[in-house]
Structures are given as C-alpha cells and as structure tokens.
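Encoded as structure tokens, here's the structure I'll be asking about.
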Amino acid sequence: MNALHLKDLSASAQEAIAAARETVAGLHAELPRNDLVAWTAGNVSARVELADHEEVGPDGLSAVFVIKPSGVSYDELNASNMVVCTLDGVKIDDDTSIGLSPSSDTAAHAYVYRHMSHVGGVVHTHSSYATSWAARGESIPCVLTMMADEFGGDIPIGPFALIGDDSIGRGIVQTLQASRSKAVLMDRHGPFTIGADAKEAVKAAVLCEEVARTVHFARAYGNPERIAQHQIDALYARYQNVYGQKDNT
Amino acid sequence: MNALHLKDLSASAQEAIAAARETVAGLHAELPRNDLVAWTAGNVSARVELADHEEVGPDGLSAVFVIKPSGVSYDELNASNMVVCTLDGVKIDDDTSIGLSPSSDTAAHAYVYRHMSHVGGVVHTHSSYATSWAARGESIPCVLTMMADEFGGDIPIGPFALIGDDSIGRGIVQTLQASRSKAVLMDRHGPFTIGADAKEAVKAAVLCEEVARTVHFARAYGNPERIAQHQIDALYARYQNVYGQKDNT
Amino acid sequence: MNALHLKDLSASAQEAIAAARETVAGLHAELPRNDLVAWTAGNVSARVELADHEEVGPDGLSAVFVIKPSGVSYDELNASNMVVCTLDGVKIDDDTSIGLSPSSDTAAHAYVYRHMSHVGGVVHTHSSYATSWAARGESIPCVLTMMADEFGGDIPIGPFALIGDDSIGRGIVQTLQASRSKAVLMDRHGPFTIGADAKEAVKAAVLCEEVARTVHFARAYGNPERIAQHQIDALYARYQNVYGQKDNT
Amino acid sequence: MNALHLKDLSASAQEAIAAARETVAGLHAELPRNDLVAWTAGNVSARVELADHEEVGPDGLSAVFVIKPSGVSYDELNASNMVVCTLDGVKIDDDTSIGLSPSSDTAAHAYVYRHMSHVGGVVHTHSSYATSWAARGESIPCVLTMMADEFGGDIPIGPFALIGDDSIGRGIVQTLQASRSKAVLMDRHGPFTIGADAKEAVKAAVLCEEVARTVHFARAYGNPERIAQHQIDALYARYQNVYGQKDNT
C-alpha cells in the first residue's frame, strides 16, 4: 500500500486541513490551562470534510481528521506537528510532522468519526474529578442547572475497554448514542467528549470536569437532589436555542 | 417600539457609561484569576445612575446597567463589547457591541437593580465550593471571623428557580432582603453576590468561594462551632466602619 | 501628641527602613503566588532594629516595623505604600504612604514584636486548609517529616479572640512560647507565623498550609501515626543546623 | 583528602556535565509548574556517565551526578548553581556553585545511582496527594489505566527512615527492586521517582501525584475495583513499546 501524502489532495482540501491544524493546535492550550491534563496526556481532534472540496481521490477520502502527535509536550504543539489521519486512523504523511505518530488514542477518535456523522470534534483527558467518577464506574447525577444546560441530564459511564482495537471507540459511541450527553466517562480510564466542532468538544471537557468536581464536593455532606426531568428538559431545550450569540434580537 | 441607541443619551451619560464599561470589562478578569468560572460561565454587571446626568429621555431612563455579552470568552472581553441594558433588561444599542446579546442571566441582574436601590453591582458565578453548598440546598454557617466580617453571618440559600422569567431575580432579592449577607446561594445553581459597586460585588464573590471552601474542609472531621451572635455583630460592625482606607487617623 | 515622621529619624535608620519596605513589599507577592490569600486578606511585616543606627529619638524608639497598608490589593503593593509603625502599632508618617492606614491586624503584629524579641518577621493569612483546622479548634499532629523539620512537632491552636485590643497578640505569643512551632492556628480565624526575619515567616506560612493540606488528605482514610518524639527531636535538630546553605563543608 | 575539582576532568567529561546541569536546572521548573513542591522542597538529579568520556582519573570516577543546591529557591536555579557530586555524594568543586551545598537529600540520590545501574534520573517531592498516602503508610492500588501504563501496577510504600545515613536510599532501592513501579512513597515522608533519564523521573513524579489525587477522590464514595492483573500486564507491555515517538510506522 502506498502511503497517502497531504500534497496529493486538492489545494482547497489542503487549505481546509491547514486551517484545522491551526485550530486544533490552539485548542490544545485550553487543556493545561483548565487543569485537565498532566504531562502529555489528553488530546483534541477535529474532523475536516473533504467532500466540500471535491475531494474523492484514489482512496475515496470523504473526510479526514487532525489530531495531536503522541507523547509531545503541550509547549511544543503547533500547527505543523499536528497529525492528519484518514477516518480509519491511518496517518496521511506531510512535510512537517515527519517522524511523528498520531496520539495513541487515534483509533478511538477515528471510530467516533466513522459512526457519529454529526460529530466534528473529539476530546480525551484524564481530568482528575471526572476520572474519579470513572474509577468507581459511576455516572454523575444531574443535580446542577449547568449540567442540565450543557449535558441534558446525567453524564453516563462507558464500559471498561483496553486500548489496541475498536473497544474504546465502540464503548464511547454506544454510550453516547443512548444519551443526550456530550461526555462519557470510560470505566477506570477517563472522559471523552464530543461536539459539533472541536471547540465545542473542548468546552464539554472543561464543563464535564467542572460539574464532576462540584458534585463530588456536594456529595460529601448529603445527597443532592436530582433536578426533575421536565425541568432538565426545559433547561436543555432553552440552552440549545438561546445561549451565546446564536439568537440576537 | 423603536430600539434605544446609546448615542441618544446625553454626552455626560455616555461618558459615565463608557467608564462603567471599562470597569466592568476589567473586573471580569478577576473571575478566572480567582478560579470562580469555567469557560464563559459567570458575569459581572454595574449600575450607572443617569439622573446625575440630567437624563430622563423619551423612555424616562433614570439608570442603566452594563453587563457581559453572552457566550463570549474571558480573553475577548473589553469595554467595547460590554452590553448596556435598561433596568428592564432590554439592550440599548451602541456602535461597538453590534450583534452581541447580553448575558443569559440579564433578567436576574435587572430584577436586582429594580428592587434593591442600594445595589450598584451584581456578580454571578458557578464557583465550585459555593455551588456545592447550593447543590445540597444548604446555607454556610458562620464559623469563621472572615464570614462575620464580610457577610455578617451565615450565607443563605435561595429557592430553586428556572431561567426564563423573574423567578431567579425574585429569589435573590427575597433572600438577601432577609439577611445581612452580600451573597446568596441559589439552590442547585450557584452564587449571586451584590455590592455598593461592581468591585464590592466581585470581592463578595471571591470571599464567598473562599469561605465555602474553608468551611467545606473544616467540616470533614467535625462540626466547627458557630461564632456567638454578639461576637458576629461586633466583628461585622467593626469591619463596616474601620477596614480598608475609609477611616485613616 | 505630635505625629512622628520618618524624616525625623537618622539617615541610616531611614535607609534601613527603606530596605525593609522593599523586602516586605516583595514578600507579599509570595502570598497570592502560593495561594495563601484571597482578595486583600493576609499581611507580612518585618521588624527594623534602630538601636543599630544610634536611634533613640524623643520617643525613645529602639525598633519599628513595616507592614502592609489596609485593604490595598496585592497588585498595587510596592515599597512606597508600605506603612511604618512603632512597636505600639502607631503609624509613623512618611511622604509616600499618605492617607494609608496600616493593616487592621497591626495590633497583633505589634504585640508579637514587643513580647518576642527574637522575632524579626510576622505573617498572617487565611489560607484554606490551615484555617479549616483553626475552624475546628484542632492542632495539626506531627505525622510528616516535613513538619518535624520545620515546626519541631504539632502546629498548635491558639484561643478565640476578637480584633480590637491585645487579645489576638496575647493569644499568639502565649501559644508560641509554649511550643517550638513557628505557626499558630488562631481559633476560627487563621494562621499566624513568625521567623527570625520576614522571609522565614513567609516560608513558615507556606509550609504551614502545605502540611495542613497534606494531613487533611491523609486523614480521610485512616489516622496517620504520629512520628515518635525522639525522631521528631532528631529531625528538628538536624534541620536547624544543616539545612540550606548555613553549613557548607 | 584533596577536594576534587571539575576542571580536573577531561574536556569531554566537562562538556557532558555542563549539558546535564543545563537539563537538570530546566527540569526543576516542572516541579512548581505541576504543583509538586512548596518553597524550596523537592529536587531533581541526573547521572552523567564518564566512562564514555575516557574518564577514570585519580579517583577512578566512572560516573557523577548533578543535583539541586540545598535551600535555594526555584526562581534562582540555573545551570551554574547546580551541584556536581560523586556517586558517594561528595561535592566536586567548580567555579560557579561556590559556597553551595548539594540538596540535603543527596545521600539518597547517591545510594540509588550506586545500586540501580539502569537509573539515569531521580526526583524527590512532597507533593500533597502522594504524601498523604505516604502519611498513612498505604500503597496506591492500580485502579486506573494510566497507572497500569506508567507504573505497571500499584505504587508501593517504602519504610520509615530518618535522614542522615543510607536508610532512605536503601528503603527506596529495596522497594523499587521488588516492583515495576518508577515511584515509591516513603512512609510519612513523600515520593521518590526514578527514570532512564531525569526527564522520565520528572514525568513519573507528575503522574504519581496525578494518580494519587484521582484515586484519593475516587475512594471518597466507594472502593474502585483494581484492574485485573492480566489487563495491567497488557497495558504496561503496550505502553513500554508503543507510546510516544519511539515506534513510528
């Protein structure tokens, strides 16, 4: 099999990928800044649709994704060392990330992109509070309005899965498809989050840790009451439609 | 109804509003700096009295307030994207915050300004420890001299209220009017604080989280004893009169 | 009574005081940097011996101390706004701190300097973990070699005392005179630390919070065993004599 | 005995030592940055093989190590004040670290280098969560995939040992030789970590605190299940071989 190379893609596809590498490199800075990662752990990826760029090359590529290189420290990340992969998780060579492998979590990201077409960004961390819920195999109950807004209910637990095949990806997808949540806590491993784009997935990772921490504290001296389902539904519906600058009147 | 525009106000009113936008933008930096907010959550507002500036225009405006735009990240906040609102929470257009909506918590801020005339600033956060008390629906007992100084007693719990009408604002006002505290913990939501100006409200938000954290820790291994009421009264009276640079001899 | 003024002191005394103001202003930066203070809470002071500078003026001043101004934020502190006081806690006027009062904790610092002649620096904070032990009125048991090194044993609790007279100062002195510790946890208030100079007192404040935190965590799942007294004694003796750059061979 | 001096070594040995001093000074910045140390506590060292540089001088030196000077603050560390020692922990004089003693933990580092020939770097901290497990004399159970990856199982407890002779070094070596872990929690003292080089030992110190914290949180509300031994083995084997940029295909 001939290795794919970035320069074999159309100019417009290359441009879209270059923009995504810039974005993904920049978003990685949010992970240490929000205390979500230690050392080189954690990664962000973004899907790039190629169909928009008339790209159906010899490999019939309709989309690729951009992800962190493995084992590189956060200080050293920039657009040029971000790795580009096919949706099968195979690296597409380029002239700047020579010798770098994609994140060891690449297979899980790839599985999510293949099976959840509305997902444009995926984030994985080992943030401490979220991971502590994962270590107990326990979902986070929806006892805060912020959880209802952002996650639409509880943050669910995914199965225990070893790295090395599609087990982790399958566990993420199955759990998230049965929930409104953008975050899943993989058993004894840590959180994965998704979004329409990479920035939304990073936001979900930040807020997942935030609510994991707050509910951890709350539970120390009693069992906070779950918000009633119809109230969760009302908060979630409103947040999807009104929050931010989508609906200015 | 014709939309109000900032340029319809008197020059002196516009100047006062410009100064407030500068102040409020700057104070937002204290929120992430003191670990009170995650992502774009949290907001600061400040009242601007217009009567002082001979402003009673076609709408009979006697005051307005300046507040954070919705969903904008803390790095991007500056005086020019702060949003100006009437005390009914309606945006007053201007030439620099075009397309930006005021914070989704604007109705709550507006309600406070309409019903508590001595309040010049309002702050809302989801700071973790304060919100964890809110998640249990539990007030923070006054077991620290710092609480007696700043809050004059316990920090009370407000009702559970959904966003979308005046419920949150009404809950804040009713709770604070029954207390000496500048902070209220809204049930399963988070803290709101008030002050004579926006800086005082920010200080109250910082110290609310500080005492929420310290009392959370203290309670892990026993029940700290509440300070006697007459001692709380003495500390509170002294702090109001002596602390800081108000009374130099 | 005529107010004292800095310019009435000898040139060499003024020089010593100027150096101390520089040092004390700089050391304040260690407080927020080590997460020991919220907002403007917390203060550092340093004694300046005047006898060395042939200073026994009309007031018979043999020493003064330099302390933080009240209610001023950490960003705004510099040598010129540090306040100089007599050992009775009365401000000595100068040309740069005009209009500023000394910290509201000045009387406690002054009492310590008057009654503990070997103390050259005093620090007060409300650091969260140390204050949480204070809130329970509980001393920190010596279960870490770092505590034996730095504090020579348990960190003791002082009495509950209201601000406004010598109660706090007296409680600090009586507690520390009965202990080897450089730190005392004032009941439901917070830690005060001392040192041969201000830097040592700041170090004690940093390490007091560190051990308060670590022992807080340790105790969550069992009762850590106190180090045997003869081992504490051996560690403490060694640390006083060998650590740092005092004894290079 | 004549004191050794750096300039007595071969030019190529001096060059290798100069490079190590640069590296070790730089790695110390990771300790405060990752919240592993308070004040001047904590230290990093790196072995330098001299045999590669044809160095077997009058003292038959085959290797030395570079370590932090005692009691110097993290801001003031740089290559020129790093101290060079023989594997017996005796300082080798040089022209830039004049008057500085090596870290008070030097004997422990030296013992490790003498008895574990594959170790190229050693780190010691008092990081709070790891030290809290040490205070209870309790090993950290392997309930996270990150622990299986990095430590190959539980993080073990070492004996209680006083500073001043080889007790600490012996305790570290005996415990680590009976384990796959790169970290040991010395009873009521704190963690020591090792690595093939100093950067790996720093990484182990960062991840040791990370898993100590996460498992501390997890245990608050239940007992997280240990990962099955064959799964730990699979994760550990994979991580040694695949992770990072060692194996690019």
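Couple of notes before you dig in:
Here the chain labels run A, B, C and D in written order, and each chain numbers its own residues starting at 1.
We adopt the following convention: contacts are C-beta pairs under 8 Å (C-beta built on N, C-alpha and C of every residue); 3 or more make two chains touch, one makes a residue touch a chain.
This one's a predicted model, so the numbers in the text were calculated from it and none came from an experiment.
Residue numbering shows that chain A and chain B use the same positions for less than half of their mutual interface. Per-chain Cα centroids separate chain B from chain D by 48 Å.
Rounded to a whole number, the gap between the C-alpha centres of chain C and chain D is 34 angstrom. For chain B, the set of residues that touch two or more other chains comprises 220.
Viewed as a contact network, the protein chains form a single closed ring in which every chain touches exactly two others. Chain pairs recorded as touching, per the definition above, are A-B, A-D, B-C, C-D. Per the touch definition, chain C reaches chain D in the complex via residues 34, 143-146, 203, 206-207, 209-210, 213-215, 217-218, 220-222, 224-225, 227, 231, 234-235, 238, 242-245, 247-249. Put simply, chain C touches chain B in their complex at residues 38-41, 69-72, 99-101, 104, 126, 128-129, 131-133, 135-138, 160, 162-164, 188-190, 216, 219-220.
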